[in-house]
Amino acid sequence: MTTRLELTEKIVRIKIEQDLSWSELAALADDLSKEFVTAGLLGQMTLPKQAAEAIGGKLGLDAFEIKLLQVPPYRGSLPTSVPTDPLIYRFYELVSVYGTTFKALIHEEFGDGIMSAIDFRMDMQREPNTAGDRVAITMSGKFLPYKSY
Amino acid sequence: MTTRLELTEKIVRIKIEQDLSWSELAALADDLSKEFVTAGLLGQMTLPKQAAEAIGGKLGLDAFEIKLLQVPPYRGSLPTSVPTDPLIYRFYELVSVYGTTFKALIHEEFGDGIMSAIDFRMDMQREPNTAGDRVAITMSGKFLPYKSY
Amino acid sequence: MTTRLELTEKIVRIKIEQDLSWSELAALADDLSKEFVTAGLLGQMTLPKQAAEAIGGKLGLDAFEIKLLQVPPYRGSLPTSVPTDPLIYRFYELVSVYGTTFKALIHEEFGDGIMSAIDFRMDMQREPNTAGDRVAITMSGKFLPYKSY
Amino acid sequence: MTTRLELTEKIVRIKIEQDLSWSELAALADDLSKEFVTAGLLGQMTLPKQAAEAIGGKLGLDAFEIKLLQVPPYRGSLPTSVPTDPLIYRFYELVSVYGTTFKALIHEEFGDGIMSAIDFRMDMQREPNTAGDRVAITMSGKFLPYKSY
Amino acid sequence: MTTRLELTEKIVRIKIEQDLSWSELAALADDLSKEFVTAGLLGQMTLPKQAAEAIGGKLGLDAFEIKLLQVPPYRGSLPTSVPTDPLIYRFYELVSVYGTTFKALIHEEFGDGIMSAIDFRMDMQREPNTAGDRVAITMSGKFLPYKSY
Amino acid sequence: MTTRLELTEKIVRIKIEQDLSWSELAALADDLSKEFVTAGLLGQMTLPKQAAEAIGGKLGLDAFEIKLLQVPPYRGSLPTSVPTDPLIYRFYELVSVYGTTFKALIHEEFGDGIMSAIDFRMDMQREPNTAGDRVAITMSGKFLPYKSY
Amino acid sequence: MTTRLELTEKIVRIKIEQDLSWSELAALADDLSKEFVTAGLLGQMTLPKQAAEAIGGKLGLDAFEIKLLQVPPYRGSLPTSVPTDPLIYRFYELVSVYGTTFKALIHEEFGDGIMSAIDFRMDMQREPNTAGDRVAITMSGKFLPYKSY
Amino acid sequence: MTTRLELTEKIVRIKIEQDLSWSELAALADDLSKEFVTAGLLGQMTLPKQAAEAIGGKLGLDAFEIKLLQVPPYRGSLPTSVPTDPLIYRFYELVSVYGTTFKALIHEEFGDGIMSAIDFRMDMQREPNTAGDRVAITMSGKFLPYKSY
Amino acid sequence: MTTRLELTEKIVRIKIEQDLSWSELAALADDLSKEFVTAGLLGQMTLPKQAAEAIGGKLGLDAFEIKLLQVPPYRGSLPTSVPTDPLIYRFYELVSVYGTTFKALIHEEFGDGIMSAIDFRMDMQREPNTAGDRVAITMSGKFLPYKSY
Amino acid sequence: MTTRLELTEKIVRIKIEQDLSWSELAALADDLSKEFVTAGLLGQMTLPKQAAEAIGGKLGLDAFEIKLLQVPPYRGSLPTSVPTDPLIYRFYELVSVYGTTFKALIHEEFGDGIMSAIDFRMDMQREPNTAGDRVAITMSGKFLPYKSY
């Protein structure tokens, strides 16, 4: 076991073999959401020591692997710049279709700057609906203004 | 004036010249959010007749241009598959970093399927915060299950 | 055996070694078409438990592999964005040549929206013809209208 | 007016200005389907003389433009190799997800070869359905076997 | 040995080790040209049973490998869309430089349609010449007319 | 009129307007084949003075345009590295499928080197056939051996 | 004059015609560095009102153009994702060669997070040196930690 | 252990296992900065003999691996031409946004030429700041003028 | 006339119209080679004042255009990253085939570093040869060592 | 050991382990330059029998590996179409910047045609210079005229 990618594949395999859910695994981490922990286990976030040890213990990872979960990863979870998986592609499509709208409305409300993708949190919930349940995603990112200098 | 892209550039120019805001323009459209109307004026959504005529009138568009706003456009608002604008790139980065997390958690909650990007709505608001205001985005898309056959 | 891609390669190999056909394998799955089952065995669809166990048993897969067939895969079955295989390329060519025609005629009939690729079924049959038999493909996807909001 | 692309843009504009439908235009062409004629007017097929003259007359095209409709075009109607428009993308996604399934099942039924995209016809119809109408597409392409030599 | 690509590498290695030529190997296949057989051994064509068994026997392939030669392969023999090898690049260059000429002259002679790359044969010969021998390639592909419908 | 590309578009337009064929135009050039002349008029070859003047006169080109036909062009006639036009794509497909076969057989016959695409000629003819006429292309390129030094 | 890109080209032309330097232009803007102002005039930053009016007046821009300088632009100043200009390429090369080093050392010093490219300033100076003067660039960007949630 | 890439992966693993920092490792190299040594250990620079032996000894590398650290590597540390990791992407974004500004100001100060990325040094430090600490990077590259000849 | 690219096209056109050669034009520039001047006139080098004025006068350029020749251009003369023109492609092929050889031999002779493409000169001459004349190119670039720091 | 790429990696490793230079290895080949032999050992040229056996013996290669050095390789030594290594990139940059100049001057001197990259030789030498030694490269390629036909 050397790389974070191999560790991610190992975690996914053990999770399937042991019939674990991401929510169950995330519950082992103090004060962390299921979104953050899942991203960490999928190789995109750095887990705190407590979370890495608790979840690593549950999954039977070795000492190096538990340390590796605590090292900032080389991020980027997709094999191609345009994702081929339909679920993930729909989010890419939203960026493609709504990207200039995001830009227009955020600039209108806040002036020139961006929404941070670092000082950021997100939450995914089921939204019951008689016409078919909906996926509800809320995102919150700090507005960062461009500063003149 | 021939293409939708040229119409978008014209609308952006008039908006700047007349010091109009997207919110003001959207207020002319009955029952439509600022997000939907802005996307329509930027060439990504089909405006209903009332909205096209009210906003087209305000902007001084001609009859063909008002009709063109009511024709489904060839969507995709970005010049490159990886966006270069930092504000829009941050959304692409979220897809790149969180894409597999979105997939894992939606499948865990709903089973195999996707979040629709068609039966979809979104809302962008300022979230006041003493450590710096935040951009709050809520998305709601119908879950569409893969059907076996 | 770790990944779905490796499982696909293994299934293809066993099928050749044992002189099995996709239709024979699909016949082991209750109420499923040969199209859906083949896509599942090639790593693109999630098989129901009954199908995974019946076909996995026939192929001699182990318990983890049978579970893996029931997990939503990272979809996308082609190694390049423009497919190099001539049979598959012809379908890509149809999208390239007829794409704007599909768009024009579906919008004319249904208004703005898309044909779902999720709530979708397809069927492939031989169409006998004295000038040479033909491949007949029928597709049926739910129309999903863009909703204004 | 010089190129076929410019002619396509002109035809689309006149169609919008005159509130014409593709079906109406296609009805002016003897013995041709709406699918074939629309593809021709969108710059992807060669129209026969009768169709070019009847439709060109209706649209007010000049003599050169009517001739141009009868010249085999440089085909390919999409601006990028992966289409950005969601309606057209769904067809690309079908090729990406089902491509290897098409290949497996056609080879199983017919042996080595392809479905022709040249000796080909297609038809798009509305399929009424209480759960929401569906887009029904039927394709028929001659099977062309690879010949050994 | 699992995939066709690995089988191709194995065949190339054995051919070098045993000092065999493609022509010698092709001579073991009844009624097949050296061009077709070489393409088959390089993973691009489906060999008939007799040829697979005769050549597979000569090369010492096992039963699965001999079957694999009889399965339609995922075609495309080049690692990049623009080939880097100078010999192969020259053919790509001919398509780049002469592509529109091929198109113009074939349409002038035959009308709208294509030269089939499936119902196709080719032959490569040495053409003696005092200024330096030449490579003579003849290709013959069935003309397939686009059919209106 | 400034660039060779614009000149090519102009020539194509005049040819259509005047109902001329490539063969007729080529017949005005002393001792040149229709393949070479067509490539020249499509911006890929340098025409000799006699040919440029005779054909330019027929087409009504001005003095600069006739000179421009005699200047070596920046070659490459296709808008994308993988051609989208089906007729031209089939030739690209042949390179993709048969590229390694060309390489194997030419090296077997000639040793290490290439077939020249410069000291090269080609000829396209109709090959009558009761099962449907065929396109017959013969190519002849000088073999150029790699020289050690 | 419609787009920001056209405005940038116009500014560059006037600057050459009038023998102005970027430093002279930047001196007209209160409290802004030459780096920020130059980026603004090249279409990458939003100029404050005072700067836009003072510099726009000097350059003879019209009222719309002066407003356009105050609108957040679609950023990204390079025509290709890998820059071809040698001066700019050297910076890209530094990212390519030192990217993982930047990542390793910033994480070691600060933990997981990034250097902001928004809350950022930079300065370029000549550094005299007897072995040849040097370009000295200092950058300062706020460290933004990834927050767990 | 064969390639430099494998050696880099091994070094990263040992560093994590032994809780070493890049600064500690760099301190073992006489007269070299932490930036240069880290780049060397990550496969981008050639380490001098003393540094390779001292650090290699600490890490337990074998004789070939210590030699390999002294061989000029094939440089380029990123898996894609546009980096996906957010920390590294921010530097790429700076090149994209500020590239033409770098070019304008360096030419204004120095004339035509480039900043060397070879005769180059850089330094990364923490810059304390009450509004949040900052990453301070200073770069110094020799100016190289284009010479006319 | 606004951009350097348009100026290059204009110069090429005038040169053809007036039957001028690059050598004749270069002879108007004091102390400059034909290689440097041609690169300048093709938009890749900055011409000194004397050369810009002498050649600009000969070609009938206006004052702005003569100034533009003295401004460092955005370099890169090719429309695609892999050149399609056969003459230019051959040089790209040499980099592709011999690139690692250049690297190996320069490092063996000089140690780690590069050959400068800035402090560089080149010369192209005809090398008479009874087997056919040869193109002789000599390049001379300063060796720039990587410096440790 | 199966492929040429693996053989190249093995040769590079042995060369480092045994402290051999490319020049020493090339000296074992009768009548061959260091440039040709190095390219052969790096997998880009076909070595003659004597050279393969002499050098293979020195390096301890087995019989298959020595044969493999005598088989024409699939050429192309770089992992990406735009090289990332700075030394090799500089050569690519020369093609990008000087490509149209090479084309203009070779056509002016020789007419339409190319410099052969097959009937080609090159030589790399150190050019002593008090301002810093220079890399001197001389290339000689046969001019190949396009032939009309």
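Chains: A, B, C, D, E, F, G, H, I and J, in written order; residue numbering restarts at 1 for each.
Operating definition for what follows: a contact is a pair of C-beta atoms (placed from the backbone, for glycine too) under 8 Å apart; a residue touches a chain by one contact, two chains touch by 3 or more.
As the structure is a prediction and not an experimental result, all values here were calculated from the model.
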*Chain pair repeating B-D, as identified from I-J, G-H or F-I when over half of the contact pairs by residue number coincide*: F-I
_Rounded Å distance, subunit C centre to subunit F centre (Cα mean)_ = 41
*Which integer distance in Å separates the CA centroid of subunit A from that of subunit J?*
47
_With centres defined as the mean C-alpha position, give me the subunit C-subunit D separation in Å._
23
*Please work out the Cα centroid separation of subunit C and subunit I, and write it as a whole number of Å.*
53
*In subunit E, residues with contacts to at least two other chains*: 35, 72, 74-76, 78, 81-82, 84-87, 93, 96-97, 100, 103, 107, 113-114, 116-118, 120, 144
*Chain pairs that touch, all of them, please.*
A-B, A-C, A-D, A-G, A-H, B-C, B-D, B-G, B-H, C-D, C-E, C-F, D-E, D-F, E-F, E-I, E-J, F-I, F-J, G-H, G-I, G-J, H-I, H-J, I-J
_subunit I contact footprint on subunit G (complex, rising order)_ = 9-10, 13, 16-17, 80, 82, 84-87
*Which residues of subunit H touch subunit B in the complex?*
82, 84, 86, 89, 93, 96-97
_subunit G residues touching subunit A - in the complex, by the definition given at the top_ = 31-33, 35-36, 45-46, 48, 72, 74, 100, 103, 107, 111-114, 116, 118-121, 144-149
_Footprint of subunit E on subunit J - complex, ascending_ = 2-3, 64, 67-68, 71-72, 74-76, 78, 81, 117-118
_List of subunit J residues in touch with subunit I within their complex_ = 21-23, 34-35, 38-39, 42, 44, 75-78, 81-83, 85-88, 90-110, 113-117, 120, 122, 124, 126-127, 129, 131-144
